[in-house]
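Okay, so subunit A shows up in both of these, paired with subunit B first and subunit C after.
After this line comes the complex of A and B, so read on.
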């Protein structure tokens, strides 16, 4: 009985997320969201949850996670095109490739502290971007992007419309559950200790670099899964998948939502994509300007993002009741 | 390597010219980082403001006024940014400083895109800077007919003058002495009763002003479009890292190094696209604090 209660307590957020995610096709169109946008939101939920393992737990701000997203997307596209239209081998190979790249970049960039890390991850992503446009053009399609993929198949199930959505949603739910498990685990605690005080952690004889690298590679794997799903969702890969815009987008989503809360970044992702695709109709070309202003306001006045806003409102609400 | 003396000379000049813009951007970045400890992701956007101001004033009122007006305007913009925004972040984590300047970069870039459009605006070079220089007249060892665009040579001269002026300011004046002391130990300086905040403001303005000078002379070379800011920011960041965070001499050295590397690898397209990253990785592995980085500074 007690274990069952604990299970419910620990996974409340996962159940709520699952409920919201799986019913999304029912209520999302009522808000003006077109079909397909919900799939994209699920994919970016995966991306930002992984990103939060790095930024939220260890405090390392990467400006180059588009690299893993993009590399995985390209590999998925090439696999679908030239190996098999089944998405399972494509995703496995793509994530493996991105993980390997992440391991190498992580080993190089994590030698340095926060600021260097941000600059260097940005540089590596830009390097892959320019490589995709020049020496790898034969495989990536260069400026035109990678096109001509067959309809992706999950064994003999065609990946189209709602099928893609439910596939992505189930992936997102499982990966969110895993991130929650990591957060509660001793490894997650070590990662959070790095953010608190890395020097002190090292003085206790713990190898902080091992945990930093683990967080980096894990977050890259989440980004890679998101990148692969992006190709399943829409059979096209452009070099903008690798660009700093893409990395910056994930940073904005995480910060607006609330870094370190796992749920917050997902809210941020949903908000940003909704803003970009639905609310931007009224704003036209200036949507990014408005978003930039919102982002700056959050950083300046509410560093905890939406989650801090919710917590503040909750506190105010409950204290009023207590006062009466 | 099979290379004639003529080709070698031209590559050196192109390297210097590429390096000049990098050095001017990186100088401001490293100055601001060294004194204020702030990584300014909006520095590319400051350059953007400069080139758009320069091209507007140049096309309406002539280059002379652009040259006189743009750097001081950028100084004022820098001071206002520091007072209005950056100073709130001195006591917050570096991550927050990166985030807020990144947000600022997006806002400024989108604002300029809104006002001036996304396309390149032609930046007419003034008549006295147009044309080519006959290099063989000055360098007797060159064979035959060797020419180089005059404006690009002017850019190199401007970079040399600006760098010299900044070094003179920092090493020959009392103001510079205080700034250098602040780069070493800001806390101690405050204990000695120096008003460090006012100087921080001026340093940020100075960094912006150098970006302004870079914009006036670099605009015709780098083009005038909203993407230019971010395109220059990444190499400039790497130059700051290669040179050593907060080291002015390092930024100059690394800027020239990267300019040369890009110029000399130009015939090899594949190597050319990744050379700057390759150098960064090698430097990081061999000398993690950068070429001239001081020991213990953000190591």
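After this line comes the complex of A and C, so read on.
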């Protein structure tokens, strides 16, 4: 009995997320979300949960995670086009390629901390961006982007409409569950200790560099899965997938949602994509201005993001009850 | 038998000779104090022992194994723990999490790829961490954030972190610096009550602490060991008085 209760306790957030995600096609259109936007939200949930393993746990702010997202998207596109229209081998090869790149970039960039680390990751991502636009043009399609992919297949199943959504949602649920497992493991503890006091950690017998590299590669793998799913969702890869704008968007999603909470960044991703696509219909270009104001307000008044707001509301709600 | 053998260690920062041919043997199970005026090289010597600084010359052997060119975490895994001058803890974590880290470090070594193992399921390890916390009198703060503790409690927590992976040699860099009298007394009691199997090296300015704990004292001045002996021998040693007070006026 106790173990069952523990299982429920540990995975409450996963169950709630699964419930919200799987019922999304039912209620999302009522809020004005167009079909397909829900899929994009699921994909970015994967991206930001992975990003939180790096930023939220170890405190290392990468400005170059679009590189892994983009590399994986290009490789998936090329695989679908020239190897097989089955998405499974395409995703596996794409994630493997991005992981390898992440391992190399991680080894080089994690020698530095703070702003230097951020700048180095940004530089690497920009390097891949310009490579996609120049020497790799033959494969990436350069300015025009990579197009002409066949309809992706999951073995005999055509990946279209709701099938894509459910495939992405299930991936997001599994990957969120795994991230939660990592958080509860000794590895998660060591990663969070890096953020607190790296010197003490090293003097406590822990090789912090290996844990940082693991966090970096894991988060890159999440980004790569998101990138691959992006191609399954929409058969197009543009160089903006690799750009700093994409990296920055993930940072903003994480910060407004609540860094280090895993759930928060997903709320941030959903919020950003929903408002970007639904509100911008009314606001047009002004949307970015509104986003800027929201971002500043969160950073100044609510550094813990949406999750802090929720915690405060909970506290207020429960204290009033106690008071009565 | 010497657990730590420092042999002819020299280190200079630019033109400053921080350590000069330092010879030091620390007996197993003893409490050895390093004293000396400011800038004598005491902290530098500790930093050499923990792998933070690489000496220009000389060798350091710990229990028969060389310590030079070994990473800090590997040195800790060999059994050397350091208590910092300002308590080094994990402030944003709970007291229990703070002590759980060295417990897992003792079990898993410097790195382990066990990403999906539940920490809470390792009951014996968590219980051991709890026991360490109780032994240092922090049981009331088990689930408090470490950063919210008082300075004395932070120091105790740091000791708990250091002791949780069962070190054989404990290096203490001014463990009572900035403490009130009664906190200092408590720290002395704590160090005295510690397991005799643990060798302790204490760098300290407070002579009360030094003389109530140390079995042997080495005096450093300008990067050199100028005297060594029992507390009584050191008290009246002319070279020591000279180093601390300047040359005697006749």
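FYI, the second predicted complex is superposed on the first by the 324 of 324 C-alpha atoms of A that agree within 3 Å, B and C clash if a C-alpha of one lies under 4 Å from a C-alpha of the other, contacts with A are read in each partner's own complex, and residues count from 1 in each chain.
Just so it is clear, a residue touches a chain if its C-beta (ideal position, glycine included) is under 8 Å from a C-beta of that chain, and two chains touch if they have at least 3 such contacts.
Since the model is a prediction, treat every value here as computed from it, not as a measurement.
J.: Using the superposition on subunit A, decide if subunit B and subunit C clash or fit.
T.: Superposition check on subunit A shows subunit B and subunit C fit without a clash.
J.: Taking the superposition on A as described, I'd like to know which of subunit B and subunit C A:190 touches: first, second, both or neither.
T.: A:190: touches subunit C, not subunit B.
J.: Where does A:222 make contact in the superposed view: on subunit B (first), on subunit C (second), on both, or on neither?
T.: neither
J.: Touch test for A:203: subunit B only (first), subunit C only (second), both, or neither?
T.: In the superposition, A:203 touches subunit C alone.
J.: Going by the contact rule set out at the top, does A:306 touch subunit B (first), subunit C (second), both, or neither?
T.: neither
J.: After the superposition on A, what does A:274 contact: first (subunit B), second (subunit C), both or neither?
T.: In the superposed model, A:274 contacts neither subunit B nor subunit C.
J.: Once the shared chain is lined up, is A:122 touching subunit B (first), subunit C (second), both, or neither of them?
T.: first
J.: When both complexes are superposed, which of subunit B and subunit C contacts more residues belonging to subunit A?
T.: The partner that reaches more residues of subunit A in the superposed model: B.
J.: Rounded to a whole Å, what is the shortest Cα gap between subunit B and subunit C in the overlaid structures?
T.: Comparing every C-alpha of subunit B with every C-alpha of subunit C, the smallest gap is 12 Å.
J.: I'd like to check the shared interface: which positions of subunit A are touched by both subunit B and subunit C across the two complexes?
T.: No residue of subunit A touches both subunit B and subunit C.
J.: So in the complex, the part of subunit B that touches subunit A is made up of which residues?
T.: 39, 85, 88, 92-96, 98-100, 102-104, 106-107, 110-111, 113-114, 230, 234, 237-238, 240-241, 245, 269-270, 273-274, 277, 280-281, 284-285, 288, 298-299
J.: Across the complex, what residues on subunit A touch subunit C?
T.: Subunit A residues touching subunit C: 6, 10, 178, 181-182, 184-190, 192-193, 195-197, 199-208, 210-211, 214.
J.: For the complex, give me every residue of subunit C touching subunit A.
T.: 50, 71-74, 76-77, 81-82, 84, 88-93, 97, 100-102, 104-106, 108-120, 161-162, 165
J.: Where on subunit A does subunit B make contact in their complex?
T.: 59, 61, 63, 108, 111-116, 118-120, 122-124, 126-127, 130-131, 133-135, 244, 248, 251-252, 255, 285-286, 288-289, 291-293, 295-296, 299-300, 303
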